[in-house]
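Note that chain A is present in both complexes that follow, paired respectively with chain B and with chain C.
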Partner chain A sequence: MSVSSYLARFVGASTHPAPSESLLLSQLAPPILNLTISDTPEQWSLYESLLMSTLRTGDDTSARLVLQRLSDRFGNSNARIMALQGMYDEAMATNPAQLEEVLKNYNEVMKGDPTNVPIAKRRITLLYHLNKKPEAITALNTLIDLNPTDAESWAQLAQYYLELSMYSQAIYCLEEVLLILPNAYNIHARLGEINYIIADSGGAGAGKEGGGVLERLEASLRWYLRAVELCDGYLRGYYGVKLVTAALLQGKFSAAQRQIPEDKVNKLNSVATVHLNDIISGSEKGKKGFTGYDAAEVAAAKELLEADGPST
Partner chain B sequence: MAQVVGQQILRDPALFYWILFPITVVMILTGVLRHYATLLLQSTPKPLEAKAIREQKNYLHGINLRGNANQIPLSSFTGRKNYLVAAFQAGSFLKDPGAKDKPPANPMSDPNGMEQMMNMMKGNMMMIVPQTVIMGWINAFFSGFVIMKLPFPLTIRFKSMLQSGVMTRDMDVRWVSSLSWYFLCLFGLRSVFTFILGNDNAADQTMAQMQQMNPQQNTQQLFGPGQDPAKLYLAEAENLEVMVQHEFVLDGIEDRVLATI
Partner chain C sequence: MSRSLPSNILVAVSSVLLAHACYSAHEHSLLPATAPSLDGTPTASSSLPLDITLETLISVCLLLVGIVSSGWELKPISLRKYAGLLESGSIIPGGVDAETAAGKGRGLFDGLEERPGFLDIRHQRKEFADWLKHVNATS
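Up next, the complex of A and B:
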């Protein structure tokens, strides 16, 4: 196999690979390392992906070798290599004290060069996982002040805020992502999710607009619909539409307050049901065009439909 | 019936081995050499300082907000707009907030601009020096030779292109002089270099010319030397301020989805 065919396997892997998938990828290490080094961009990105997989599966010797080759080529002072090295160190650490050591190392690098974005991001992640959440958020805010056009930072910040139940901040961050990537349908769905969570928790985080549960639900529905509009066959989007329309139909809201009339909500609900059914049956039979769905997500959608089934 | 026979000139076959072949080889070798010399001489672009990055990226932030305003609700947009307009007008993202009212600095005194100019100089020298040397070499040793005959007929217009250095008015255009062969090699070896050195090689004449055209193309500088970021920020603030139309993309989405699905 050639570099490009190996690379295709890594690119084709899911973003959150299951352990078995990671293992398969990591087992590619010996043949990949035996390939002659052709010094092409593809080869080095293949090395990078391989490093992640080997670290994930605990193949430390291969990881060491891959990292060694990368740093031989690009030098130890390259920002990206430094971040990879940091990742390796983090993976090798066996106790919190060693992680603190890595963190200290990051701090020193950042003091020397505050523009080292890869290390800054590693430092933020490490801070967060060392349970120094406020510090991580502050650091991330500094990074965003430096570069407010980096979608990854904003999305990460939204995630941190969401975990702390700071909903309006999370929404703000995701809106920033949309300003950078206006067609990111997963972000639209995420906004729908957050609005649904707010509605679900009783509109507590509704903020100064005084948005009640109904308003939040409708906002959520609209975000989900936009996600579906942008990406046909987006399982998560249809799941959200189904979920939110069901909530809208069950809730006792007066027709005068509704911005989206009940009959439309009803129609949207049935549209979502049809699409979800299509996706579920298609992916179970492995039909063309219905592959690549996450099995867990399909199962969840099925459960939702079954729970909903008797009532409709 | 006598057939029209083209001009016949008896050439020494040694002309091929001692002139045509050496010129071609030397041209290819200099091209390859120039590629590596350029790579050696090129200084890696200096990473920007934190403040410069901040200045550029926040400017892009404003442009992004203006371009994709319809993606976010009106209230979110107004909030951001007010914040950015105030910040832009106060110049709080500038690398050097004090310099807001001063005239832009001379680009010659800006170290970044100097760096760019040095790079351009180096590139130009790498083109000019070998060309002068080789052309001198050809003029000194091979001038006036007619070295080959093209296998196809050409019109008289090509005479000046193919027979420079040979002052014969009546000679057929198909004959090529040594100096002309040099020029043909100079401009025509592009695909050979692409074959040997890969796609973006420095030996390539046209590439170098392209880079001369827009030197800012592959540097990280967003603001060119001589451009005043403070003015750009003020202009952007004004652009944001006059944006009154806002059409939230989510308005009426339920009808759109119902209509299409």
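Up next, the complex of A and C:
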């Protein structure tokens, strides 16, 4: 196998792969390391992905070798290599004191060069990992002040806020991401999810909250619809449309408060059902053009349809 | 590439027409040499008759229509379509063949939700170690 075919394997995998997939990827290490070094960009991005895979599975000797070759080629002062080295050190640390040592290292680097973005991101991740959440969020805010057009940072900040249930801040951050990448349909879907979560948690409150719940559900529906509009056959988007329209139909909201009329919601609900059915049957039969859907997501969609089945 | 039957017929018929027009033109070019006009002056036959010209033009037009409508798989040029094909795993970006990749669909903006720059490697290592323990315990 050649570099490009190995790279295809890694490109196809997410950076949060399932453990069994990590294992398969990590087992590619010996043949990849035995390839002659061709000094092409593909080879080095393959090395970078391989480093993360081997670190994930604890193949530390391979990881060491990969990192060694990368730093031989690009030098130890390259920001990206520094971040990879930092990741290696984080993974190797066996006790909290060693982790603190890595963190101190990051602080030193940041003092010398506050614009070292990869190291700044590693430092924030490590702070959050060490349960210093307020510090991590402050540091991330500083990074965003420095580099406000980095969508990845905004999305990460939204995640941190979301974990702390600071919903309006999370929504603000994701809207910033959309200002940078207006076509990011998965961020639209994410906004729909957050609005749905707010409506869901608000629903437990007093009846006075009713209007707020309705507003959130409608906002959620709008985000999901935009996501589906931007991406044809988007399973997550249609799932959301189905979920939110079902909630809107079941909730006892007065027609005067609704901004989206009920018959429209009804129609959207049946459209989503049709699309979900298409995707589920296509993917279960392994039809061409449906093979890429995540099996767990398809199963969840099926469950949703079955739960909804009797009522419609 | 799958071709539909009507366009196949169209291509065949217009090819025959075009070949016929070429043959007619060739035959016509031989005519003046074998049959000079009676009064000895060059006639209008040095230019091609209208019917051959028309036949050529019409057959070429039909051939073009036939080829264009013969069911090419066009590349998706709208984001909606392209993103949908990526999500469903029909195409993989970067010129990689869909069969060689694991077959899993990767969205266009998945990086925004995975955020490799903020990868919590210790968490993932722990996850993997737990999984390995679980697998070893059950097998």
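Details
Keep in mind that, in the parts below, the second predicted complex is superposed on the first by the 301 of 312 C-alpha atoms of A that agree within 3 Å, B and C clash if a C-alpha of one lies under 4 Å from a C-alpha of the other, contacts with A are read in each partner's own complex, and residues count from 1 in each chain.
The rule is simple: a residue touches a chain if its C-beta (ideal position, glycine included) is under 8 Å from a C-beta of that chain, and two chains touch if they have at least 3 such contacts.
For clarity, every value in this text was computed on a predicted model and none was experimentally measured.
Placing chain B and chain C on a common chain A by superposition gives a fit, with no clash between them.
Touch criterion met: A:Gly58 reaches chain C, while chain B stays clear of it. By the touch criterion stated above, A:Ser14 is placed in contact with chain C alone, chain B being left untouched.
Computed from Cα centres after superposition, the angle at chain A between chain B and chain C reads 60 degrees (steps of 10). More residues of chain A are touched by C (comparison of chain B with chain C). Contact with chain B, but none with chain C, is seen for A:Glu175 once the two complexes are overlaid on the shared chain. In the superposition on chain A, A:Glu229 makes contact with both chain B and chain C. Of the two partner chains placed around the shared chain by superposition, chain B is the only one that A:Thr115 touches, whereas chain C remains out of contact. Legend: residue contacts after superposition of the two complexes on their common chain; A:Glu152 is shown touching chain C, with no touch to chain B.
Judged by the touch definition given at the top, the superposed model places A:Tyr47 against neither chain B nor chain C.
For the pair chain B and chain C, the model built by superposing on chain A gives 12 Å as the shortest CA-CA distance.
229 are the residues of chain A that lie in the contact sets of both chain B and chain C, per the superposition on chain A.
Those residues of chain A that touch chain C in the complex are listed here as 4-5, 8-9, 11-16, 19-23, 52, 55-58, 83, 87, 90-91, 93, 117-118, 121, 124-125, 128-129, 151-153, 155-156, 159, 177, 181, 183-187, 190, 229-235, 279, 288-294. Interface residues of chain C facing chain A in the complex, by the touch rule stated above, are 79-81, 83-90, 92-94, 96-97, 100-125, 127-129, 131-132.
Residues 114-115, 145-150, 172, 175, 178-180, 182, 209, 221-223, 225-226, 228-229, 260, 264, 267-268, 271, 275 of chain A are the ones touching chain B in the complex. Interface residues of chain B, counted against chain A in their complex, comprise 47-50, 53-54, 57-58, 60-61, 64-65, 68-69, 71-73, 75-76, 249-250, 253-258, 260-261.
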